[in-house]
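Here chain A shows up in two complexes: once beside chain B, once beside chain C.
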Partner chain A sequence: MSPQAILITAFAGAGLVFLAGKVHSHLRDFLAVLSSLALVGLIAWSHGQYGPDNEIVYVPDFLGMELALRLNPLAWFFAIYIAIINAASVVFSLSYMKGKEKLGFYYSMMLLVNAGMLGIVLSGDFLSFYIFWEIMSWSTYLLISYRRGPALHAGMKYIIMSLVGSCAMLVGILSLYAQFGTLQIAELGEAIAGSSSGYVLFILMAMGIAFGVKFAILPLHTWMPDAHSEAVSPFSAVLSGVLVRMGMYGFLLVMYSIVGLKTILNLGAGFFNFHYILSWLGAITIVIPTFIALLQNDAKKLLAWHGIGQGGYMILGMAFGTSLGVAGGIFHTINHGSYIALLFLVVGAVEYRTGGVRDLNRLGGLIQRMPVAFFGCLVGIMGLIGMPLTNGFVSKWFIYKTLITEGHPFLAFMAFVGTWGTILSVYKLLHNMFLGQLPEKYKEVRKAPISMQIPILFFCFVIFLFGVLPGIPLRAIQGIQDTMGFAPLQLTMWGLASGAGALNMLNICFAIVIAFAVVLLLMRLGAKPRRVPQEDSYAAGSSVPAGKYHHSVEFYNPLYQMISPYLKDRVDQFYYWAADKAQGVFELTRRIYTGYAGTYVLYIISFLALLIFLQLAWEIW
Partner chain B sequence: MVSPILLIAVPLGLAFAIPVLGLASKRVPRYVPVIAMLFNLVVSVSLLPHALKAPIVVRTAGWAPPYSIHLVAGPLGVLLSSLIALIGLLVAVYGIDYIREGAKVKYQILYILMLVGATGVVLTGDIFNLFVFFEVLCISSYALVAYRGDSTGVEAGAKYLIQGAIGSGLVLIGIGLVYGTFGTLTMADIAANVSSVGSFRLFVSLAFLITGFGVEAAIFPLNGWLPDAHSSAPSSISAILSGIAIKAGLYAIARVVYTVYGASSILPFLAVLGIVTLLIGEMCAFGQEDIKRLLAFSSIGQMGLILFALALASATGISGAVFLIVSHGLAKALLFLASGYMIYRTGSRDISSLNGIGKRMPIMSLCFTVGAFSLIGLPPFVGFASKFTIVRAVLGTGSTFFITLLAIGLIGTVIEGAYFLRIVQGFYFKPAPEDSPEQTEGKVPFSALVPVGLLAVLILTIGLFPGIVGRVLGPAADDLLDRTAYVQHVMGD
Partner chain C sequence: MTGIIQIVLSPLIAFVVGVLFLGLARKIIARVHRRYGPPIYQPVIDVVRMMSQRSISHGALFELGVVLALAGSLVTVMLIPLGGTEAFQPFAHSVLCPLSSSGGLLVVMYLMLFGPLGLALGAGASANPNASIGVSRKMLLALAYEVPFLLVILAVMSQYGSISLTEIVARQQQASWGVLSVPLSAVAAFLILPAMLGIRPFDLVTAPQEIASGPLAEYGGTCLALITVQKAIHLFVVIALFVDLFLGGGVNLATFLVKMLAVFLAVEMINAVLPRVKIEDAIKFCWKWPTALAFVQMTITVLSK
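== the complex of A and B ==
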């Protein structure tokens, strides 16, 4: 299947759904699901069809440049990942969004964002890349704003930072064009080989700002907590699961497909090596946001901060340029996509059934009311922590191994600290939503509708599948690494056969199953358990009347008080300060236009005088 | 091939026929501008292929240049006259129902005169006629700004008149100095002899011309009149003023600097001026509460960017500038026209009163959004293609000076994005103010939907297929850059 057909389907789907929304709501929903699933099918079908047949020039002359599409292992891998998470979110939206206004707009924007992202990964030149990047950016902005209220502010914050990034990228791209006379990704790789390291660094910086904003690397992350928590939940899943990771795609493309492994590793000297600095940024991006996540009481904000923190792991894996590290970084990207999307959907399901509550201090005890959501949440946080049997374990294993074998104990330590923070904060998420006592008002909560359960269970399945059989995605990742010139890893279906970081998930799986069996056996041998109602709980030896005491309020309060003074988002504060000052300057500038004709005449005459003065003083002509 | 002189003669004739036609029927005058501009559009577009081959030089009264009054319809001139005719036509259609009270007949006459002036400016080959057409353009716009006759309109018109008159005076002095020096008014003839004269004397005349035309071109600090004039005029006139009139001023500057004087060493100064204008325009637009004032300031910003691109002195740079003239003309006309009926509907020019308008006026809001996205430079709209060309040109020069200026200028784009996207958010995602009156007179007639919709379609189509305009841009840039060819064409052998 040619990349052109995929993109035409994607954009046409977005357009048709909007029109169908004017006709009938069922037709619209049907078309939305159909086109998102069709995309998954089309992309899956095109697996392995790489090569010159699928390098297509679709516009021969756009302002004198060729616009091209291409399909290669990297593009395919990201495309399928985008399409699957988007399709799951669209299915989830069916009941989540039911009865809300402007649904035609909502669905078509979901599909447009999807189409934009597919366009980015299928682009064969940087101009197409930029065009699709911008389409994705503005449609995301519209979709974030969709929820109204505080979402408007979040949307503005997002689009302004995104515009700054885009400007930087545009300068970078056109500087490449000015230098080499082409924007074809394949040709740039060869052309850039002889450039000075200063120039390469400039390109990496310019592009890095754009990718860094999307990727939410510190200090460019501040849009993300607001945007992710204010968007509607299915879109939060897309936003955090894939859209942010377009930054990862960009980094991979520029660092390894274009600039090349050799140049990257030799960029800079000693301590001020490019990939060294990038990995430290990654480490900081892990630690600080993860602990800020701990402080959040809004379930979606908590997840959003984790989205930033987990991005740090990907950067950390990718920055080192070893086969193991980059494989870990890429693998972590899709793993993170699967469980963060799952968690956002779970929070969305809870929100949907409880009437829009996502404040962790007001939830609790929903385990029996919403068992599937609970299971999804449990699997999701297991993945996020990186428990064995889940996919998060494998990718984190790769990343840790890389840090240790490359001799960076400090970075490894920061990564571990991040995991501890993750454990604490996601337990809070699970506990405060599902465990503890059930508040009186949630007695009547029903379980999530089937169209929500399907995506949730699907992601659970993926998490375990890739956790036990990591060979499936790793094969595809191997294909990407081959195109970038990395040494191949010794892969098996169960993990890594030999060398640094040998891993066999099958053995681990058996060990865990046996351990489970032993525990189960011991429990059977012990006293017979007695079933009690959920409200039957004790504190300090006496029973607590239902509704008197809620376990999940002010979780971790002492810890909170201890660490919160250190964890202010000073970057965000700085941006607000700068924006405030800038507005002050704007106000002052407006005073130039006094409204008095006399002043304006004075300006005109002064300008004439200035011109003549300039000539007299410096002979400008 | 029809003669380019018809582009001026026919509308002019029709304009003066309006009072007579008005005697026959009250309904006829309002359709005359539509006919005139339709004629101009057809003729301009049909001239385009000829102009691309070689500039068409029209001599009047059988005299050859430098002694005659003549027109030079080169690629740039014909492209701009097509743009003027296109926007003029769409706004004329819009004006059929939009103009409801006041001196309707005079409005239609002045409207045609204004466009004739603009067409003349871009087509004329001698500098005195440049001034004459310029005055036709300016004087009719003074009157049209004050058309409503309310106090703000008259005040804005008067301020515009004062500043415009000073500008015109300066232009006239400049032309006088030139004439005194060379004894000729033909631009090509002056261009051929310019190097033979000492520099300071010549520079003074150039300074007068730049300052004078700069007033109309809205270059900072000469643009004090613009925010008031563009915001108090009826929306259809604002669309022409922002979409076309100020560009005529900029065209005049470019023609004078490039062709007549060949003063390439002052271009860096103009580039700085362009970036300053851009930043000040965008910064002032950011805090505006009044939608039309905001659009006016945004025009200042865009003019700054065009000036900056013109000053790059490279073929790509000038192509980018001309492209931005086209894309800004389309987008700004669209924004003013769309906001015209929104203002009718809500009865207020406050941006906050436009909140929630997306539900009440879906098509107008959608088109406004398209225009705003295009102005910011988001793909796949035409603004992207033009801004892209400019950025490409800057990086193509490879000069640190221009790249630094560009980096500063891009801040302006971010500010622009901030305020336009905030408005778009308001349209769709903010609740309508509770006391908003549901005025029935705001019902959008067909005559307004068609031009606004067409502009949006054009913005999208040219954005997707920039080659439509792109083919003309290269020759248009050469038209400005290549002085010797220009002189040869006009003066003959």
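== the complex of A and C ==
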């Protein structure tokens, strides 16, 4: 299947859904689901069909450049990951968005974002890359501000930061064209090999700003929490799950496909090495956002901060440039996609059934009412922490092992502390929504509809599957690494085979299952407990009032008081300060244009006088 | 075949030794307090009695949480070498560690999370606010001691250049013990041992007089029996880990258990004499001295490499 057919399906789907929205709502829903599932099928079918047959020049002469599409292992891997998460979110939207206004617009934008992302990964040259990047950025902007009101402000913040990134990328692309006369990714790789390290660094910086804004690396992260708290939940899943990770694709493309492994590792001197500085940025991106997440009470903001924090692990793995580290970084990208999408969908389901509540201080006890959502949340947080048997564990294990064996225990420490901070905040998420007392007003809450349960259970399955048999995705990652010139890892279906540092998930899985069975058997041997209602609990003789004593507000109060003074988002404050000052400058500039012809004449005369004075004084011309 | 024997044997050792340690702890504290104390096999009597008592349940998760906690602890034991050596020595046997090539120390650290998480889920399934307060304290205490503990673990892993626990033990047996090559880490680890075990002065999670035993408030009967067993195995795991990291493991099971007993007695002396602290003070303590010591040791280890 050619990359052209995939992109045509993606864009045609977006257009058709918009038109169908004008005709009938069922037709629109049907088409949206059909086209997103068709894309998954098409991409899955095109697996392994790499090579010159699948490189298509779709515009032969655009200002003297060829616009091309191509399919290679890296592109395929990201394409399938994009398509699956998007399809799950579209299915989830069916009930979540029911009855909202402008649905034709919503679905068509969801599919357009998808098409834009697929375009990015399938682009064979940087001009197409840039065009699809902008399609993605702008349709994201429209989706973030879909709900109007404060969402407009969040969308504006996003698009301004995104534009700064795009400008930086454009500078990089133009410079590449001026230097080498081509924008074909395959040709650039050979062309750039001979250039100076200063120039390579400049290209990496320019591109890095663009990818860093999308990726939400500190200090370019400030758009993300606002965007998430305003966007609708199914789109949050796409936003945090895949869209942000387009930055990861960009980094991989520029760092390893174009610039190449050897150049990257020798860029800079001693401590001021490019990949070393990038690793430290990654480590800081892990620690600070994770602890800010601890202070959040809005379920989606909490997850958004974790989305930023988890990005740090990917950067850490990727920046090191060892086979194990890069494999861990890429693997963590898709793992993160699966569990963060799952968690956003769970929060969306709770929001949907409780009438839009996602304040963690006002929920509780929903486990009896929404068991599937609870299960999804439990699996999701286990993945986010990286408990054994989930996919998050395997990728984090790869990254930790890289850091330790490469001799960087301080970076490893920051990664570890991030994980242990994650445990606290995600347990709060689970506890405050699903455990403890069920408030009176949620007594009648029903379980999530089937179109929400399917994506939730699907992601749970993926998390466990890749956790126990990590060989499935790791083989595909191995294919990517072969094209980039990494030494192959000794992979097996259940992990890594290499002596004392081996990992065998299947053994751990068997051990846990057997231990679980044995303990369950022991429990059956003992006296069977009597089932009592939840409210019937011990309170030293006095009765616990039902529905009022849910310990959730200020769950970690002693710690909040200790750490909150250090965790203000000063970067965000700085940007607001800079924007404020810039506005002042613009205001001053505006005053120059008074609107009187006389003033302008005065400007011209004084400018001429200045020129004459300069000429007389220094005789420049 | 030896594999299957090991898989059965190592949790069994952990169970027997852990339960006896629980009994020994009561005896030691009683003697320090100038009481006679219960017989050393008292926990066995308690577990059997509780298994036969009918208690209450707040739903499936209430019970499954306990099962998860105990299963997690049992699997953790299988990853920890309980004595034995790779080289031939008189009175020595091969390493007793059934899952030695399944991820090493990193997996142990994560598997140790199953215990607290399982209990937290089970306690959360009841609607008792005391249980929630206890869980909140447990999470905070875990973060407090994990910061120095991670530094300690990383210093040891950097010192021996391996993430495999069996390899770390083997290196110590060839050269010098961890307590000599990373001394400050050993001190830091010893300082946080009471917090990891949840005993005085850090028994604030299950403080009976304040929050009605916290997460255990609603439990009784079979579930409480299994929680007691979990506590015993957790005690075993933590002390065995200390012996493996700093005291060179053991050339056979007997020397390993003797070393464990020594560490355990030292920790119980602290347990017997100190009063309970508040959670704020526990966090401050853990983040002050143990963290500073562990940090200094890690810096030294990295610089000397």
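Note that in this section the second predicted complex is superposed on the first by the 583 of 621 C-alpha atoms of A that agree within 3 Å, B and C clash if a C-alpha of one lies under 4 Å from a C-alpha of the other, contacts with A are read in each partner's own complex, and residues count from 1 in each chain.
Quick note on the criterion: contacts are C-beta pairs under 8 Å (C-beta built on N, C-alpha and C of every residue); 3 or more make two chains touch, one makes a residue touch a chain.
Values in this document were obtained by computation on a predicted structure and should not be read as measured data.
Undergrad: Once the structures are superposed on A, label A:Tyr249 by its partner contacts, choosing first (chain B), second (chain C), both or neither.
TA: neither
Undergrad: Taking the superposition as given, does A:Tyr339 touch the first partner, chain B, the second, chain C, both, or neither?
TA: A:Tyr339 contacts neither chain B nor chain C.
Undergrad: Taking the superposition as given, does A:Trp223 touch the first partner, chain B, the second, chain C, both, or neither?
TA: The answer is neither, since A:Trp223 touches no partner chain.
Undergrad: What's your read, chain B or chain C touching more residues of chain A?
TA: Of chain B and chain C, C contacts more residues of chain A.
Undergrad: Identify the partner contact of A:Tyr575: answer first if only chain B is touched, second if only chain C is, both if each is, neither if none is.
TA: neither
Undergrad: If you stack the two complexes on chain A, which partner ends up touching A:Ala511: first (chain B), second (chain C), both, or neither?
TA: second
Undergrad: Quick check on the superposed pair: does A:Phe211 touch chain B, chain C, both, or neither? Answer first, second, both or neither.
TA: neither
Undergrad: Enumerate the residues of chain A that count as touching chain B in its complex and touching chain C in the other.
TA: none
Undergrad: Under the definition above, what is the set of chain A residues touching chain C in their complex?
TA: Result: residues 365, 367-368, 378, 385-388, 393, 397, 400-401, 404-405, 407, 409-410, 412-413, 416-417, 420-421, 423-424, 427, 430-431, 434-438, 495, 499-505, 507-508, 511-512, 515-516, 518-520, 522-523, 525-532, 534-540, 544, 546, 549-552, 555-556, 558-559, 561-562 of chain A touch chain C.
Undergrad: Which residues, counting only chain C, touch chain A once they are in their complex?
TA: Going by the criterion above, the answer is residues 7, 11, 50-59, 61, 63, 66-68, 70-72, 74-75, 78, 99, 101-104, 106-107, 110-111, 113-114, 117, 120-121, 124-130, 132-133, 135-136, 139-140, 142-143, 146-147, 150-151, 154-155, 157-158, 161-164, 166-167, 212, 217-218, 221-223, 225-226, 278-280, 283-284, 298, 301-302, 305.
Undergrad: With touch defined as at the start, can you tell me which chain B residues reach chain A in the complex?
TA: For this pair, the touching residues of chain B are 158-159, 162-163, 166-167, 170, 199-200, 203-204, 206-208, 210-211, 214-215, 221-222, 224-225, 227-228, 263, 265-266, 269, 280, 283-284, 286-287, 373, 376, 378-380, 384-385, 388-389, 391-392, 394-396, 398, 403, 406-407, 410, 413-415, 417-418, 421-422, 425, 428-431, 466-467, 470.
Undergrad: Going by the contact rule at the top, pick out the chain A residues touching chain B in the complex.
TA: 61-64, 102, 130-131, 134-135, 137-138, 141-142, 145-146, 148, 151-152, 155-156, 159-160, 163-164, 167, 170-171, 174-175, 177-178, 583, 585-587, 589-590, 592-595, 597, 599-601, 603-608, 611-612, 614-616, 619-621
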